[in-house]
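Quick one: the structure is below, questions incoming.
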Amino acid sequence: MNAVYFHLGQWWFLVRKDLQREYRSRAAWPSMALLGLLMLMAIEMQLDLPAALSRQVAGGMLWLAIFFGGAVPIERSFSSEQADGCWDALRMYPVEGATLYLAKFAFNFISLAILSCVLLPMYVVLTDAPLLKQWPATSLLAMLTCASLAAAGTLVGAIANSLRSRGNLVVLLLLPLALPVLLGASDATASLLRGDTGDMFGRWLQLLAAFSLINLTAGVLLFDFVLER
Amino acid sequence: MIPLEARQLGVAYNQRLVLRSVDLQIGPGEAVALIGTNGVGKTTLLHCLAGLQPCTAGEVRWFGESSLGQANANRSVGLIAHQRFLYPELTPRENLLFAARMYGLASPQKKVATSLRYAGLDEWQHQPTATLSHGLRQRLAVSRGLLHAPRIALFDEPFSGLDENSRQWMSQILHELRSRETAVCFTTHDQNRADSLADRVLEIVAGRLSERESGQSGPSSMHAFRPGLHPHNERAAA
Amino acid sequence: MEFLTIAFGVVGGSLALYVGWLGVHQRHLARQLHELESQLDATTETNHSHSQQTRRAA
Amino acid sequence: MELQKLKCGRLEPLGGILFAALLAGVGFLILRVAPAEKTMGEVQRIVYVHVAVATFGMFGMLLAAAAGLALLVRRDQGWDHWGRAAAEVGWLCSTLTLITGSLWAHEAWNTWWTWEPRLTSSLILWTIYAGYFLLRSSIDNDRQQARVCAILAIVGALDIPIITMATRWFRGMHPVSPEMDPTMRGVLLASMVSLTCFFAYLLVRRSVQLQMGHRIRALRQRLLFEQGVRM
């Protein structure tokens, strides 16, 4: 039993370390929020479609903005470890790959959750879409989307980090994998805006849940191989 | 049981041979110094011995067991490398606490406190590590590397850039490690530092280890400083 | 009818291109492999004789 | 995974002729034997190739993932060649799917592209292949490249069911399964089987080539060590 506590402890201290570092250096979250806001505004500005149609389109753009904004903390959560060779230090500690993966997943999930807390209200302000009226459904959708993006993003981020090339590979590798998530989220938002949270909305949520579960298990099982050099 | 052993260790980086076939054995309480000019592969060898880097040929053994893919063996290995393995934003105390918890040490708070006091970092323990001076960060890195009392300690240029009393502290650390039956291996440029602290001094030349009796501080240290001459082409010049 | 010719032309053409490239690349690799193997035999050759001389000299 | 014993030299012409004949036969079947479809007429004949190529496009990623899994479990570098060959042929098929798909879309609905479920999922799959080969080209150390690409292939393959479901529900399109009379179905089956065998043959040959490339690199390294010994 205490082995579980040991791993849980390790997991918690890894997450705490990441949160502490982010709180002190404030490197990823501000730029993530700014990028998301800028994308959202840029799209809203050009859309002079009738209200109903612009809400439909903007729903998709919201999640795209969350994706591109979210790619910043995902990439930084790994590249910041390179600073003083800390990624090698993490590999020297007797830490399981799965614990490390779940810790980075938690950090990325929190970052994405914060980003959607910023962008969703801004989206409602810009398009006065009735999202906040059914806020339980919206928050469930946002949580599942963030979980899916974080699950796939953490594995891809670790892969991109282990390469020497400095280009932002995270977005290039993550977008194809995350396309179904973005499709699902924007379609679910559209049906939410139409007010029917009926079977289609439920099915999309199941798809998002399935996506995050699959990627979580893949990450937990495969992360050791990413750590090897 | 030999704590640290390397058998025909070979490392090649995309068609460039760094280490040819290195055989090395370090017993408990024994200190070995590795000297050699820059870029001859000292750091590569240390990283292989620490299990951070896979070797192209041959193998590394910790207490008889091969180091391939061994997570728990890391408890017995302590590496203090050029990179500090420290988080710049965290304070020294938080860095050590994090390391203690990763190793799962008992009573981490107490261990960290004694380690900080021993390293003389008490009054700097609450400011971010980034603001510390080079010497203090090196002390912190050494304390972090030895926090879990490893039975194999590997140091990469431990003395570079230290002022006098830090150097004394470093030598004291090495002596204490040897008294505690730890297998120590460190790389250095400084010939007489190597002689005074190590039982055996080995030099890396053209990818191989060659024995050098400690105390012989004659010509080798001189030609080592001739600028621009790499051992490979030194043979052509001699 | 010209639609079908375009479609099948594109599909057939790209497959033929790929197969052709495979053939050329295969020959190139075979030649390189052959060269290297003979070079390697030569070097192990000289090493062998070289080490014998040193043994005889010692 | 010593495949050299296959003596590809001897197999080469034999395989080539066999498959050339097979493809010619299928082409004849598609163009001549199959009846023209009522509404679409001649244009519909492309569907035989389109379906076969689409399935192998998806199949390629599954094969690459299976080879990747074997590589990670068995730590045998030979599987990497199979994975890479499968991904390469899969990417080729995925590209052909997109081309034939948009050609057909142009004829059937005279737009070059529609977000029809199968086309969209092929496009998403195509971008995952692109990511795979982008990753392949940005790592030079062989062992790490094999491991990392294996992981991406596995994650990509796990994504396929999600992609097919998502693209099917997207825009509320419900796939209408084309009702085909028996001869059409027969021709479809024949073209599916023969094209799949042809792609498998390409895959094997490409994997053997990658193996030779690996052997060349290994020999070069040994040469380096041998010369090193003397210096």
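Going by the order they are written in, the chains are A, B, C and D; count residues from 1 in each one.
To be clear about the criterion, contacts are C-beta pairs under 8 Å (C-beta built on N, C-alpha and C of every residue); 3 or more make two chains touch, one makes a residue touch a chain.
Just so it is clear, the structure is predicted and the values come from calculations on it, not from any experiment.
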item	value
Chain pair with the higher count of C-beta pairs in contact (C-D, B-D)	C-D
Centre-of-Cα separation between subunit D and subunit B, whole angstrom	49
Intercentroid distance (Cα basis), subunit D paired with subunit C, Å	23
Cα-centroid distance, subunit A relative to subunit B, in whole angstrom	39
Between subunit C and subunit B, distance of the C-alpha-averaged centres to the nearest whole Å	44
Multi-partner residues of subunit B (each touching 2 or more other chains)	54
Residues within subunit A bordering two or more other chains	228-229
All pairs of touching chains, each written as two labels joined by a dash	A-B, A-D, B-D, C-D
Subunit A partner contacts - residues on subunit B that touch it in the complex	50-54, 69, 71-72, 74-75, 77, 79, 81-90, 94, 98-99, 101-104, 128
Complex contacts: residues of subunit D adjacent to subunit B	140-141, 143, 220-221, 224-225, 228-229, 231
Parts of subunit D lying in touch with subunit C, wherever the complex brings them together	8-9, 12, 16, 27, 31, 42-43, 45-46, 49, 53, 92, 95-96, 99-100, 103-104, 107, 202, 205-206, 209, 212-213, 215-216, 219-220, 222-223, 226-227, 229-230
Subunit D partner contacts - residues on subunit B that touch it in the complex	10, 12, 14-15, 17, 20, 54, 56-57, 206-207
Interface residues, subunit D side, partner subunit A - complex	72, 124, 127-128, 130-131, 134-135, 138-139, 144, 147-148, 150-152, 154-156, 158-159, 162-163, 165-167, 169-170, 172
